[in-house]
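We just call them A, B and C in the order they show up, numbering each chain from 1.
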Amino acid sequence: MKPVFPLLLSACILFSTARAQGAKELLQKVKAKYDRVDDYTATGKMKTNVVFIKAPVATIKVYYKKPDKLKIKNESGVSFIPKGSANVNMNNVLGLTDFEAVEGGTEKTGGIQCKVIRIFPLSDAENITRATLYIDESRLLVIRSVISTKENGTYELGMSYKNYAEWGLPDKVELSFNTRDYKLPKGVTIDYDNGTGKEKAGETKSKKGKVEISYTSYIINKGVPDSIFN
Amino acid sequence: MFTELLKIELYKIFKRPRTFIAFGAIAVIILLVQFALKVNGRDFVQFYTESQSDTFEIPYEKILNGYFVCVAVLHMILVHVPLLVALIAGDMISGEASLGTLRLLAGKPVTRTQLLLAKFAASTVYVVLLLAWMALFALLGSMLIFGTEDLVVFKETDMHIMKAGDVIWRFFAAFVFAALALTCIAAMALMFSVFSENSLGPIVATVCVVIVFTIVQQLRVPVFEETVNPWSFTTHMLGWKGFFYVEKNAEGATITGSIENPAALLRSGLILTGYILLFLGVSIRSFSKKDILS
Amino acid sequence: MNQVIRAEQLSKDFGDIKAVRDLSFSVGQGQVYGFLGQNGAGKSTTIRMLLTLVEPSSGTIEIFGMNLKKHRKEILRRTGAIIEKPDLYKYLTAKENLRIFSRLSAVKVSEKKIMDQLALVGLADRAESKVKTYSQGMKQRLGLATALIHDPELVILDEPANGLDPQGIADMRNLILHLSKELGKTLLVSSHLLGEMEMVADQLLIIHKGEKVVEGRVSELLNPEQSIVELVTPDTLGALAFLRQSGWAGTLKEPVNGAIRMEFNKQQIPELNRQLVEKGIPVLSLRPLNSLEDYFLSLTKR
């Protein structure tokens, strides 16, 4: 029985190395697809679903430039844009160089069988501490990602692709994030009591916020001036 | 005859210098608030959004637009306008009594009810003109100075964002509601005025009632919350703010043109109207039976 | 003569205080009706009842033959009044005040009429001045102008001479006579200035503590059959002793300021004088009190 354990161990290591290798290869393939986009300007609609914000659907423009510049602008109105929205572009994760990747099996996400890849950046300088990507292997598209950051907490992204799938650009992104409580000191706003506050007090408030962006069009690789990102 | 009486009452109101003090005071206060927000508006917005600045990009400059400034001005100023209304309405009968002209008026071929209603109508016209003046400075002025954008209204536990195109009608409705609320104050001051023979008493009494009920409302003591506050007119006077609270759909997006719980606003409007009728009823009854000895 | 005012059994209580008690009187057309009484006698309360400022506790009032309660508007339209001191809108000019009060009487008057009215009371040159710059006398005159601006048939003036200087009082007297004798208006004038009343009133009502004391024509009141006669002597005690023992005992009244007062037909004065002299009682003065003031005092001190 003695030689069995080291053998099992080395088999495991071999297997896991192979799995890590497979994960990185898959990431490389996905990155290669996404890398075809140098920049884009997208137009879309943004819905905010945060328990303490009542916002209209906003018409937005999203500007992206390689490697990691991303800006969401509400051109004609006021929106509270979550700080983690910079992560709606996958290059933040796919652009990592010094990291470990592990396969986490397969899981059905959004009706699609996906490969789960867990990514652990090795450099302390990275804002991302951990990321999990759910990849549609056949189309080389990231369907879902869960990204933990040092500064802005954990973000969850769900993406669906249609017209711009060949570029790895989603038609719809759902960004979920943690929110903090919103409460102003008593007597500051002197609200009109229309009875709605009392109903809310009974509810268990969700601490998760959600932003949904539906893109209507992309202009890809036509150049975006740096000034936009300032 | 009623129109003639109303004209006479308005003529008297607008021939008195004290009437214009209110208009001047409002213009000065609004300009001061606008200046302060022009200089230090970002801090003001920051105060409301501080807890969220880690999670969200806050568009401070866009939030600080003319509509937002107008709501801020109304929030600050409408609390004090009852005093200005009381200054005029509280003087309506008692002022004439102390001046000695009430006995001349009451000895003329007009009924006391007509006289009182004309005085009430004149107070209402004064309230409407005061609000129109306020709208001119607070809304048009702020729009000119700060421009227009979507309106963000900060409540104690949530914030409401309205599209810029969905705002003007809300201001109009809010001003109409504020007129109703201030007319209620005018009716109360007029009622006190019937019982007094000096101007100061009714003015002070009106302001004291408003202060007491406002404090009771702010204390949020459960026993008051259940008994006094639902019927206190100061609770319902804040109804103008209700036009800036929007409803959202299942997906969390605001519905353009919507009001959060319009039934509550309707109820508030009806309660205020009820108070106006009550105050007027008491005033007419007392004034008609009153022996004029001044 | 048509009756312009007819008050029947008028009473007014303010709580426990009975301001007016069972007062009945009538004012004929074209008369200057004097309403006499001391301060607090109930004159103003009665006038306020006539103008519907005060609701009578009981009694009825008819003016121009109509019930005041039922035809209030019609009656007040034909009535002009100043009540006590005429306070006007101090922040308005004389013209503006007149315009307001004419409109309140449902009459639109021309600028000319306003100026004529101001000229009548001698204020034409101050038409554009704010009332707050007026003296008390000017205010009184302007008050009269506001009472007359709508050309009323009945003019009620409560203490019109209050605050006026002697010239002002004389002007007011002339104006009252002008309104009555030349313009044919009916006037009810209340006053405590008896001398003035004597000069202008045709008919008098004397009221004391809310009650009617006497009502009648001035000429009758001043020549009563029974007169109050005042006797002044250095020997008051001796005089009193004699009078009490003689046939004069029943005529004795309460003495006033050390003077003996008696009530009898003034034709008997020479006889009394003769008897006093006979008894060796020196007489400094023995005279009938026949001015209205004397009469008034004698009545109200009863």
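We adopt the following convention: a contact is a pair of C-beta atoms (placed from the backbone, for glycine too) under 8 Å apart; a residue touches a chain by one contact, two chains touch by 3 or more.
Just so you know, these numbers come straight off a predicted model, no measurement behind them.
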Query raised in the report: Taking a step as a move to a touching chain, how many steps at least join chain A to chain C?
Result: 2
**Report entry** Chain whose Cα mean lies nearest the overall Cα mean
**Finding:** B
Query - Remotest chain, chain C as reference, centres from CA atoms - result: A
Report task. Go through B-C and A-B and name the pair with more C-beta contacts between its chains. Result -> A-B
Query - Centre-of-Cα separation between chain C and chain A, whole angstrom - result: 100
Query raised in the report: In whole angstrom, what separates the CA-based centres of chain B and chain C?
Result: 52
Query raised in the report: Could you state the distance in Å from the CA-based centre of chain A to that of chain B?
Result: 48
Query raised in the report: Of all residues in chain B, which are in touch with two or more distinct other chains?
Result: none
Report task. Going by the contact rule at the top, pick out the chain C residues touching chain B in the complex. Result -> 14, 48, 51-55, 72-77, 79, 81, 83-92, 96, 100-101, 103-106, 146
Query - chain B residues within the chain C interface of the complex - result: 1, 4-5, 7-8, 11-12, 15-17, 99-101, 103-111, 289, 291-293
Query - Footprint of chain A on chain B - complex, ascending - result: 48, 51-52, 54-59, 62-63, 75, 79, 149-152, 154-164, 166, 218, 220, 229, 235, 238-242, 245-248, 251-254, 256, 260-261, 264-265, 268
**Report entry** Touching residues (chain side chain A, partner chain B) in the complex
**Finding:** 47-57, 74, 77-83, 152, 177-184, 186-197, 200, 209-210, 212
